[in-house]
Every structure is written in C-alpha cells, then in structure tokens.
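In what follows, chain A forms one complex with chain B and a second complex with chain C.
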Partner chain A sequence: MEKIIFYILAFIIVAFAIASVSSRKMLRSVIYLLFVLVGIAGIYFLIDYNFLAAIQLTVYAGGIIVLIIFSVLLVHHIEMELEIAKPIKQIVTALLCLIGLGVFLYTIYNHPFQPVENYTTTTVNEIGKGLLSYEKGGFVLPFEVISVLLLAAMVGAIVIAKGTKLFDKK
Partner chain B sequence: MIAGISIYEILTVTSIIFFIGVYGFITRKNLISILISTELILNASVVNFVVINKYLYPTLLEGVFFSIFIIAVAAAETALAVAIIINLYRQISSVEVKETEIMKY
Partner chain C sequence: MKIVSITKTVHDWLFSIMPEGAASIVEMVLIAVAYLAFFAVAGLYLVLLERRVAAWFQLRLGPNRVGPQGIFQTMADALKLVSKELTGTIKADNFLYNLAPYFVIVSSLMALAVFPFTQEFQAFDINIGIFFLIAISSIGVIGILLGGWSSNNKYALIGAMRSGVQTISYELSVGLSLLTMVLLTGTLQLSEIVEVQKNGWLIVQGHIPAIIAFMIYMIAGTAETNRAPFDLVEAESELGAGFHTEYSGMKFAYFFLAEFINMFIIAAIATTIFFGAWLSPFGITDSIPWLGVFWFLGKTLLLVFLMMWFRWTFPRLRVDQLLTLEWKYLLPINLVNIVIMAILVWLNLTIKF
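Moving on, here comes the complex of A and B:
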C-alpha cells in the first residue's frame, strides 16, 4: 500500500517539477511548484515525520508560494508568455543535467547503505527538547542564530522593498 | 521508513528533482522563475537530509534539525529575493535577467 502511494507521489513530484521549469506561463509555473511541495510533504508523512510535514505545508505551501504569487501579480501581466532559451542551449543544458544525474545515481547505487529497520514515530516533544537543549548535541545556539537571521531578513526585506524614498528624505 | 521502499529509490527521486532545478536555473530568463528553480534545489536537499536520517540513524534527530534550519533560511532568502525583485521592477520596469545590468543604482 505504502509502496503504491510512494510511487504515485514520486510521479506527481517529478511530473510537476518538469512542468514547473518548462511552463511558459508564470502563474502556472508557481502553481506547479505548489504541487511539488505538497508531494514532498506527503513523503514526509509517509516516513512518519509529521512535524516536518506540517512545517513544509505551512512555511512553503502557505508562506513562500503566496509570497511568490504576490510578486508575480505585482510585476507581470498574466497573459504575457515567458521568453524561453534557445533550443540549442536547452538541449546542451539537458544533456549536462542528464550526465550529472548519471554521476549522482552511479555514486548512490554503488554506495553500500546500511538501513536500520524501524517504524518509530518522532514526536514534537523530542524535536523541541533536542532543539532547545544546551547539553552535548543540543541545538539551542543555531536555533537562536536562525531567529536573529529571520529578524534581520525581515528588516532587510522591508528596507529594500520600500525603495529609494527612504534615502531621498534627508 | 516506508515499507517496501529502499533508500535508493527515494535518493533517485531527490536527485531527479535536484537536476530539474539546475536545468530550470540555467535555462530560464526570468528572475522569478530562477527563484522557483532554487526552491526545487533546496527542497531536494532537505528531503535528502530527512531520508538519510530516517533510514540510517533513526535514533538521532540531527537531519530533522538541519532540515528545519534549511527551511527557515529558504524562507528568509525568498522574502529578500522578492523584495529585491519588486524594487528592481520599480527601477527598470522589468524582471528579465538580461536587462539587469547594473548592480548599484
């Protein structure tokens, strides 16, 4: 059962990823990206990381996609079709990507992974305790650094998006 | 872990997503499309972290923490990129890569 669901999810992800990078309509490309992200959230649900799937759905599908859609609507006419690269460039890039994919897959399939059989569910409790513990192996410092980074990015985004008016006043 | 699915299959899917992202990053001519391709690349790496954690070291949680941090950084990066794109659109009325020639206004 899980096998079939995984194959369906993998097919959805790959198909919509290809559609997302090859669609000539801007807004459709963003919506295809949304489907890819939801499919990845489905994979997180399948491997029992429910908290991560919730993060993926709220932050990516809820936040980033809405942000990108807003920017598309602000800077584009919806009917406008995107300019695409020259066919020769597309073919060369696709070939290079296929070669890179071949190298990746060759390396992956030649590496002897030793998976551990397990069907445990990770609870939010464990994740929270690990993130906020300051003992050995705790992640409290990166957690704080990330919060400062988010604050800095927020202030920076406001300053940049406000434009030149901010500097003209003086 | 998913019953009946080995780690190789999931890593194959993430490699394919990664290279689709690289392909889009090189061939698209529009700043927002390039942003979308970057999201694909970041997502592929996040899934790799999570899957390797789950299949190889199920008692540890480091992969989950790293993926949370990557998602946070990706959110910050997207917010900044959208701000830059909107500002650029005000200055030159375009978001095509070939028309952004000067870094400082």
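Moving on, here comes the complex of A and C:
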C-alpha cells in the first residue's frame, strides 16, 4: 500500500518537474512547480512527518508560489511565451544536469541506509524543545542567528521599498 | 452512541467480507463520499441561509416558493447550473482556466477533514491540526489568482490581484490569533484542544486576551473568505464579478460553493478553538455523546450568522483602508495580545472550572 502511494507520488514529482522546466508558458511552469512541491509534502505525510509536511505546504506552496504567481501576474501577459534556448546552451545544461544526477545517485547508492524500527512521529513539542534547548544537540544558536538574518532581510526590504526622496521639501 | 456504533459496525462489516487492503481502500472511499455529500449539502443550504438572512435584514421575504420555506430553491439553482453551457474564451489559457476552480474546492474539502464533529467523528486527527488548517487555507488563494489571470480579462485580473493582497495580509492575523490560543492549550492537535476545554471553553479560560483574539480572528477570517465588507475582490460595481467574471455554469458554482464552505470552515475553526467544539455548555448533555454534532453545528451556524450579519451591516472598505486595518491595527494589537496571553499563562491567571 505505502509502496504504491510512494511510486504514485514519485511519478507525479518527476513528471511535473520535467514539465515545469520544459513548459514555454511561464505561469504554467509555476503551477507544475507547485505540484512538485505538493508531491514532496505528500511524501512527508507518507513517512508520518506531519510538521515538515505542513511547513512545506505553508512556506513553499502557500508562500513562495503565491509570491511567484503574483510577480508573474504583474509582469507577464497571457500571450507571451518563453524563448527556446540555443542548442549549445541546451547541451551544456543537459551535461551539467547529468553530472549533478550522477553525483546524487552515487551518494545515495553508496550510503548505508538503516531501516528505523518502532518509528514514532515527531511531535511539535519535541521540535519546540529542540529549537530552544542550549544543551548538546540543541538548536538555540542557529535559531537566534536565523532570526537576526530575518530581521536584517526585513529592514533591507523596508529600505528598498521606501526608496529615496525625489526632492527636498525645503 | 448511535453514530459511533454505526461507524464501528460498517468498519467491522467491511473488514469481515474483504481482504484488509481492499477494505481500507473502500473505507477511505466511503469517508470521502460522506464528506463530499456533506460539502454539497452544507454549501447549498448555506447559500439558502444567506439569502433568507439577507432578506430578513432588508425586510424582504427572500426565496420561499420552491418547497416549504424555499428549502429546495438552491437545489433547483444547482440543477440549473449543471445544465448550463460552460462558456470559455478563446484567448484564455485553457488548462489553467479549467484547473483553477479545483484548487479552491479541493483546499476547502481538505480543511473539512480535520474538524472534530463529535468525540468519535473526525476523519483525520493529525497531531498538528491547527497548523494543517492554516497551511491548507493558504493554498486556496492560488486558485483565485490562477482563475483571474488565465481568463485574460482585465476585471478578472484586477480582482485576482486584490484577492492576493488581501489574503496574504490577513493570513498573518488569522495565524497569530490562533497562536494566541495555542499558548493556552499547549497542543496543536484538535482533539486534545477539545480535551483542554473540558475545564471551560478557551474564550472563558483566557478571558480578556482570548476575547481580543476572537475579535481579531473573526475580522481576519471574514477577510480571508473575501466576503463583504472585504469583498473588493468581486466588487460588482467596479469589477463585474471580479476573478470569476469569465466563468459560467458549474465552474462558477464551484467558486461560489467554495466561498460558502470557506465561511463554514472559518466558523468551524472558531468553534473548535474558542467555543469548545462539540462540548455542551456546562456539560448538560455529557451523558449523550452523539448530541455533540448538534452542539458543533449549532455553534458554527451561530458564527456563520454573525458573518452574514457583518455582510449586511457594513459598507465595503477601500483597498487602502483594508491594508491600514490589517498592518497598522490588527497586527500590532495581535502581537501585544500574544505577549499578554503568555504572561497570563505564565502567572496562572486563567479561569478554570
């Protein structure tokens, strides 16, 4: 049962990933990308990691994709199509992709995976305690650093959005 | 008791006549069909309710001809919509144009699955309940954006843009006001949240900050569903019908039904988080568990009525007023409210029976 669902999800992810990079209409490829991301969330649900699945849905599907769609809406007309890249570019990209895939597959097939027994789902409680613990294995430092980074990004966004004054009021 | 035993009997019967794999698939299909039926019936009757309430507010009669008190009116409307031609535009992006209604409807169906209608009647008791609801509700807007853009129509595009702005902004307030209540419960799982409320509904337990959170939640929730006074998305005097201008027949009905189901979902979340879901007031019917369904639906319909009351009382906001309300008022109030609630929980000032 789980095997079948996994293969269905994997097929969806791969098929839409290919469709996403080969589509010539911009918004369509964004939607294919959305399906890829939702499929990945489905795999998280399958391995019972609900929290990460919901994060995937909120941040990627609900946040980033909506932002991308919004920017496409602003700049792109419905009749426009993306250009087809030159043959040299296509070959170079294909080669690079193949190298990446090779490295990836090599690592996966050489890594000794161990099946987990008696797996219980990670609760939000554990994640919260892990994030704020400063003992061994705790994540309080990365958590704080990331919050500083977010603050910096927010200040930066405000500065850019505010722009410069066109003329002095004096 | 009865409902519980019915689901148990069906479950046992299925597993007795079929191998395990097939039985669980059949069970899933049955549950899905039950929820789809609920979806359709609830959607249709909410439309009827809305029309009757609107008529009542405006001192009219409303639909009362088809069946006693007009109860078959929306059924007839739905039949008419099914029989209508599905028009489309040649220059539209047909794939996305046809896909858009399903986004809206699937996301609201998924959200329905997690509500605890009674103690035993909950399709999917996931351990991150509230968070799952917030995650799912953030997907519905994609359908609106897509529908607006792919219709290749100015009004639809403007409607979709407004919807995007509105939903992205108000999602924050919905999430934060629910987070305020999570501080009280200490868990995200909906069934456990209901357990916590056996010592008093959360709106009583958390008193002042909980009431503030409830008000913010209702305002932001109304905005999330694109209903008046926040219906600039489909402001008919400016934009035709907004993002669904080009849709007709059943595809239009999908958007329409989804809007009403979303209203039901917003009210159901409020019922679950603030008003004790299926718990009866003061535990008067604790001995008859299946009455929980009536309490749940009763409370939810009361909140739905509140949202309809908003709709027929307030005039529509301008887009700058809408954004000012969210970013300059609701969000700061909400952030302060979370701190107040945290202090309350820390000093143990909550009211418990």
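In this section, the second predicted complex is superposed on the first by the 140 of 170 C-alpha atoms of A that agree within 3 Å, B and C clash if a C-alpha of one lies under 4 Å from a C-alpha of the other, contacts with A are read in each partner's own complex, and residues count from 1 in each chain.
What we mean here is this: contacts are C-beta pairs under 8 Å (C-beta built on N, C-alpha and C of every residue); 3 or more make two chains touch, one makes a residue touch a chain.
What you are looking at is a predicted structure, and each value in this text was computed from that prediction instead of being measured.
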| item | value |
| --- | --- |
| Three-chain arrangement built on chain A, chain B and chain C clash or fit | fit |
| Contacts of A:134 with chain B and chain C, given as first, second, both or neither | neither |
| Touched partner set for A:101, first chain B, second chain C, both or neither | first |
| Winner by number of chain A residues touched, once chain B and chain C are compared | B |
| Which of chain B and chain C A:90 touches, first, second, both or neither | first |
| Touched partner set for A:54, first chain B, second chain C, both or neither | second |
| Chain B versus chain C as contact partner of A:63, first or second or both or neither | both |
| Contacts of A:17 with chain B and chain C, given as first, second, both or neither | first |
| Partner chain(s) touched by A:73 [first = chain B, second = chain C, both, neither] | second |
| Chain B and chain C, minimum CA distance [Å, superposed model] | 13 |
| Residues of chain A that lie at the interface with chain B and also at the interface with chain C | 51, 55, 63, 70, 72 |
| Residue ranges of chain A touching chain B (in the complex, touch as defined) | 2-3, 6, 10, 13-14, 17-18, 20-22, 26, 29-30, 33, 36-37, 40, 43-44, 46-49, 51-52, 55-56, 59-60, 63-64, 67-68, 70-72, 74-76, 82-85, 89-90, 93-94, 97-98, 100-101, 104-105, 108-109, 113-120, 122, 126-127, 130-131, 139, 142, 146, 149-150, 153-154, 156-158, 160-161, 163-164 |
| Touching residues (chain side chain B, partner chain A) in the complex | 1-13, 15-24, 26-30, 32-33, 35-37, 39-40, 43, 46-47, 50-51, 54-58, 61, 64-65, 67-69, 71-80, 82-87, 89-90, 95-96, 105 |
| Of chain A, residues touching chain C in the complex | 1, 25, 27-28, 31, 34, 50-51, 54-55, 57-58, 61-63, 65-66, 69-70, 72-73, 78-79, 121, 123-125 |
| Contacting residues of chain C [partner chain A, same complex] | 21, 24, 91-93, 95-96, 99, 126-128, 131-132, 134-136, 138-139, 141-142, 145-146, 148-150, 152, 157, 160-161, 164, 168, 171, 187-188 |
